[in-house]
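What follows is a set of structures for review.
Shared chain: chain A. Partners: chain B in the first complex, chain C in the second.
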Partner chain A sequence: MSAEVVLQTEPVGRRGEHLYFALRNPKVAGGLAVVLALLLLGLIGPFFLSDSPNEYVGPKSEAPSGAHWFGTTYFGQDVFTQFVHGLRSSYLVGTLGGGIAFVIGLAVGFTAGYRGGLVDEVLNMVTNVVLVLPALAVLIVISSYLEVRGVVAQAVIIGVFSWPWVARAVRAQTFTLANRDYVDLARLTGKRSWRIIVHEIMPNMASYLLMSMILLFGGAILFAAMLDFIGLGPANAVSLGTMMQQSMAWSSLHLGMWWWFVPPGLAITLIVGALYITNVGLDEVFNPKLREM
Partner chain B sequence: MGRYFRRKLLIYGLTFVIAVSINFAVPRLMPGDPVARMLTRNSVANIESSEAMRAYFNQLFGLDVPLWQQYLNYWAALFRGDLGVSVFAFPSPVASVVADALPYTLALLLPSILLSWFAGNALGAMAARNKLLDNGALPIGYVLTAVPYMWLAILLAWVGGIILGWFPVAGGYSFALTPAFTWTFIVDLLHHWVLPFLSLFVVALGGWAIGMRNLVIYELESDYSNYLQALGAPNRLVRRYAFRNAVLPQITGLALQLGVVVGGALVTEVVFAYPGLGSLLLEAVNSQDFFLLQGILLFIVIGVLVFNFLADIVYVLVDPRTRLGLEGGQS
Partner chain C sequence: MLELRNVWKSYRVGTLGSKRLTAVRDVSIDIAPGEVLSVVGESGSGKTTIGKMVLQLTSVTRGSILLDGADVTARGHAARKAYYRRVQGVFQDPFSSYNPIFKADRIFEAVRESYFPAVKRAEWSARVDDVLQGVRLDPGSVLGKYPHQLSGGQLQRMLIARALLLDIQVLVADEIISMLDASTRIDVLNLLGELKERGLGVLFITHDLSLANYISERVVIMRHGAVVEAGATGKVFTDPRHPYSRNLLASVPQLHRKWSDSDAEPEALEPDGDRDVPPPPLTEVDEHHWVAGV
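So, the complex of A and B:
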C-alpha cells in the first residue's frame, strides 16, 4: 500500500514541475493564450451572432464599421459572423484530423517499433509510401469525388494521409526504448504487449507525443484551408478557407475589399504560428538544457 | 549502396503503383455514380439520349468489363501514354493539356524550392548562436511557416499588384501577347512570374531557416565541435564543420517537404490564375473533369518521385558514409 503511494507521487511531482515551468515559459503561455482566445471566440461567438453565416444582413461591400466589425462581403454577408463560424470549423478539422492522424501514427509506430521483424518491414514500407505521396494532390482527387462534403469527412481524409512522420518518429523511439531493462522486466512479468507499450514505453516519450499532436493539429488546419480554397470545402458550412475562396472568386482584390480576405488568413497564421511557438516553448519545458531560467 | 538504392526504388515503385491504384479506385469506390453526375451536369433530359450517353460514358471509362480487367486495362492505357480525353478542354487528350501547363509549374517550383533551400540554410546557419539575429529571425521564421500559402499569395497580389501596381496579378503573360521567343514576351513572362515565385519562396524560407538553425546548434554542441574549439580552431572553421554536417538532414528534409511545397504551388497558382497545374486542377474540379484530375495527380506523383530519387542521389554524393555502406542514409 505505502509502496504504491510512493510510486504514484513521483510522476505527479514531475508533472507538477512541468506545468510550473510551462506556465512560466513566455512562449508556451503566449502561444496558448492566442490559441485559446481564438478558440473561445469560435466557441462562444456563434451564440451571440446569427446562426446562419451566409445570411444577407447588411449593405453590400461595406468597410468595417461599428455595426459590422469586419465589414460585409460582396453580397452583404457579415464577415465577422462568417469568421467566427469559420474558426469553429477550423478547430474542429484540426482536432479531428490531427486526432485521427495521431492515433494512426501511434498505432503504426508502436506496432512497428515494438514487434520488429516482418511486421516492421511491412509497416515501415507503408509509412514510407504514404510519406512520399503528395498529400494535397491525393486529397484533392479524393474529395472531388465525395458526394457530400462536410467538415467531418474532410477531417477524416486529412487524418488518413498525414500520419506517416509521426509513425516514423514513434517507431524510432520505440526501438530504443523497447530494449531497456525495465521493459524486459515488464515482459518477464507476463504483461500484455499493449499494456507494456502504454505503461512502460509511452510515458517515456509523452513530451514528444504532446508536441507531435500539436504539429498535427496545425497541419490539419493548413491542409483543410488549402482544400477549401480549391473549392473542395464543406458544402454546408463556412470555413476560413472557403471565405478566402469566396473573396477571390468575387474579385475582392480588385475591389479593394481587404476586410474580406485578411481576417481568415490572419487567423490561420495566428493559430498555427502560436502552436509552433508553443511547441518551441514546450521543448524548453521538457528539456531542462534548453531552459533559459 | 546498392541496397540503399534498391530499397529506395522499391518504395518509389510501390508509391507509384499505389497512386495509380488510388486513381483507379477512387471513382469506382466512392459513393455515387460519376457517370450519372456527368449526365446531370450536361442536363440531358431526354431519356433516350441519356441512355445513349450513359452507354457511351460507360464504354469510355471502360466500365462495361469486370473490375480486374478494368484495372489491367487502366495500366495498359497508362503505359501507352493514354490518360483519356479532357472534358474541360474537349477534345484534347489529358496528356497534352497537362504537358502544356507543366512548364509554368516547373518554372515556379524549381527556382523557389532550390533558392529558398539555399537562402534558408544560409540564414539559419547565421542565426544559430547569434543572439541578435536569432531573436529577429526565429519568430519571423515561425510565422512564415504558419502562413497558408494562398494567403501570402493574396497579400502579395494585393500589395504588389493592386496597391503599388508594380506587378500584374493574374495570368502567365499579358493577354495582348502571343507566346513567342521575343524579348518583349520573355520580359512579360518574368514580370508575371515574380509575385507567385516570391510567395512560394518566402513561405518555404522560414521552415528551412528554423531547421538549419536548430541543426547547427545541435552540431555545435557535439563532441567534435567542442574538441575543435578546445584545440583552438577558429570559430569560422568550427561553424563550417557544423554546417556541413547539418546540411545532410536538410537534404532529406527537402525530399520530404516536396509534397507540401507542390501543394503550396497549386494554391498559389490558383490565386494568380497562373497557367500551371494548379489552375488546371481548379478547372478540372470545377468542371468535374475526372480524367484531367487524375492525369494531374499522376504527373505530380511522378514529379515528386523523380525529385525524391534525385535527392537520394545527391545525398549519396554528399555523404561519403552511404557510399561506403556505413551508418547514415538508412531509409
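So, the complex of A and C:
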C-alpha cells in the first residue's frame, strides 16, 4: 500500500528521481553545503585578497581582528589570505590526485573483475605490487628528488600510488555482480561488454564508487597535508598542510597562537567529515529499498 | 533446428588455469520446432552448462552447435547479436534476472534499444502491452514497478514476454519454475506449452522428473556431464533402462505415499571416474529410446 503511494508521487525519469531524493536528504544537503561553501571560498576568495599570501602585511603574531580576520603569523603574514589560497591548492590536490587514482583504479578493477582468467591474474599481481609498496617512503623519495615541487606534481604522485585499494574493491564487487543473471540477460540482448559494465554493473556500485571517489579525494588531501607537514610540500605555493607545518615549526602551540593552526586543521577535518556524511546520505538515495522503508 | 554435436566443455580452474574441470562430455542433442526437450539431471550434471553454451554465454571446448545447419559457435559480436534474435533464454532466479535498482520494464526498453531502434515509443509500448497480455499479465499492474514490488511468477512471465518481442525460434528455459510456488508454477508451465503450440522449440532444463513428464515430448537424462538415457518421454518414464534413471524415478515423491512406506533401496551406481575419457556410447534399445553403456 505504501509502495503504491510512493510510486504515484515519484517524479518521472531516473535521473530526476535521484536528484529529487538527494536534495531532500538532510545528510546529502548538509555535507554538500559544507564542501561547496569551502570550495567557493577557495575559488573566489583569492580575487578579493592579495595574490601573494606570503607577503608580510601586518603586525607580528596578532590575534584575529577586523583588519586580519584570522590574525597574523609569527612573521606578520595574513592567516586568512593564506587559508583561502591553501583551500584552493588542497581542493586541487584532492581533485587531481583523487581523480587520477579513481580512473586507474576503476579501469584496472573493472577489467580484471569482468574479464577474469589470465587478465585478472596479471592485473591483480600488478595491483598487489603497488599496494605493498610503502607509499609514504616512495613519496618522500620522489618528492625530495623533484627540482620544483608544485601542487600538480604532488597530486600526480599521490594519484599514481593510491589506486590499488580501489582496484581491488572494484574487482571484488565486479566479480560477484558479473555473475548475476541480469548481466547474462544484457548479453542476451546483444550489449557489448563496456556497455554492460557501465549500464548494469556500475549503477549497482554507484554509491560505492561515490564513496571511493570521496575517500580518494579526502585521502589525497590528507596525504598532501602529511607530506606538507614533514616539509615536502609545494615549494612555490601555500597549502593547508604547509600552513600547519609552518605554525608548528614556529611553536605556535606554545606561544598560544591558536589562530594559525586551527583554521587549516579544522578545514581539513570539515572537508573530509562532510564528504563522509554526504556519502551516507547518498546510499539512501541510490537504494530504493532503503528509501521506501 | 537447433543441434548440439558432440559438445564438450571443460573449465580452467586454479592458479593460471593449471587444472581442468570437465562439465559436459560428448553431448549430442537436437530440438525441433514445436517441441519441448527436457534435460534432467542432478546438481553438477552439466545441464545448466548446456543451456549456457546454447545461449553462447560460455564457450564450447569441443564440438559444435548448429542452428538450421549453420555453426553458431565462437563468432563475432554482430553475429552473436543476430543469433540472440532467434535464440533466447530465461533463467532460474527471477529476482537475480532483474537489475534491482532499475524498474523491471527496463528489460523491454533494452530490447528496443538493441534491436528496434527505429520503432517509435508509442508503437513499442503497444507491442509490449501485446506480449504482456500474451503471457497473461495485466500491463498496468507490472509496468513502472521495481522488481521487488513484483512476484516471482510475474517476473518470470515478463522475461518470457521479453523473449517474445524478438522473433525467436528457440527458448532456453533453465529451471525457470523451480523458484516459484506450486500454483504459479503450473501457469508458467502451461505458458511454455502454448509457446510450443506456436512452433517454438524449448530447451527445458530441470531436476524435476514430473515437470519433464508434464511438458515435454522427449527427455535427456544426464549424469556426471554425460547423457545416460534419452528418448521419448513415454518410453523413458515407463521403461527406464539405466540404473540412474530408475533411481531418479523412484525418488519422485508421490501424493499418496509416506516416506515410511518406501522400502526400495536405490541401485548401486558407477562412481564419478575420469571425465576426460569419452562416456559410454548410447545404444538404441527401442524405437526412440537410447541408453548409455548397455
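One rule holds for everything that comes next: the second predicted complex is superposed on the first by the 244 of 293 C-alpha atoms of A that agree within 3 Å, B and C clash if a C-alpha of one lies under 4 Å from a C-alpha of the other, contacts with A are read in each partner's own complex, and residues count from 1 in each chain.
Throughout what follows, a residue touches a chain if its C-beta (ideal position, glycine included) is under 8 Å from a C-beta of that chain, and two chains touch if they have at least 3 such contacts.
Note that this is a predicted model, so its numbers are computed, not measured.
In the superposed model, A:V272 lies in contact with chain B only, and not with chain C. Applying the stated contact rule after C-alpha superposition, one finds that A:N287 touches chain C and leaves chain B untouched. More residues of chain A are touched by B (comparison of chain B with chain C).
Using the contact criterion defined above for the overlaid structures, shared-chain residue A:A29 touches neither chain B nor chain C, since it reaches no partner. Of the two partner chains placed by the overlay, neither chain B nor chain C lies in contact with A:V160. By the document's definition of touching, of the two partners only chain C reaches A:R192; chain B does not.
When the two complexes are overlaid on their common chain A, residue A:L49 makes contact with neither chain B nor chain C.
Look at A:E121: by the touch rule set out above, it reaches chain C but stays clear of chain B. On chain A, the patch touched by chain B and the patch touched by chain C do not overlap at any residue. By the touch criterion given at the top, residues 3, 7, 14, 117-118, 121, 180-182, 184-192, 200, 203-204, 206, 286-289 of chain A touch chain C in their complex. Across the complex, chain B is touched by residues 124-125, 128-129, 131-138, 140-142, 144-147, 165, 218, 222, 225-226, 229-232, 241, 244, 247-248, 253-254, 256, 258, 261-262, 264-266, 268-273, 275-277, 280 of chain A.
Of all residues in chain B, those touching chain A in their complex are 10-12, 14-15, 18-19, 22-23, 26-27, 30-32, 34, 139, 142-143, 145-152, 154-155, 157-158, 161-162, 169, 255-256, 258-260, 262-264, 266-267, 270-271, 281-282, 284-286, 288, 290, 293-294, 296-297, 300-301, 304-305, 308, 331. The part of chain C that touches chain A in the complex is made up of residues 12, 15-17, 55, 57, 77, 80-81, 84, 88-89, 91-93, 96-102, 107, 110-111, 114-115, 144-146, 148-149, 159.
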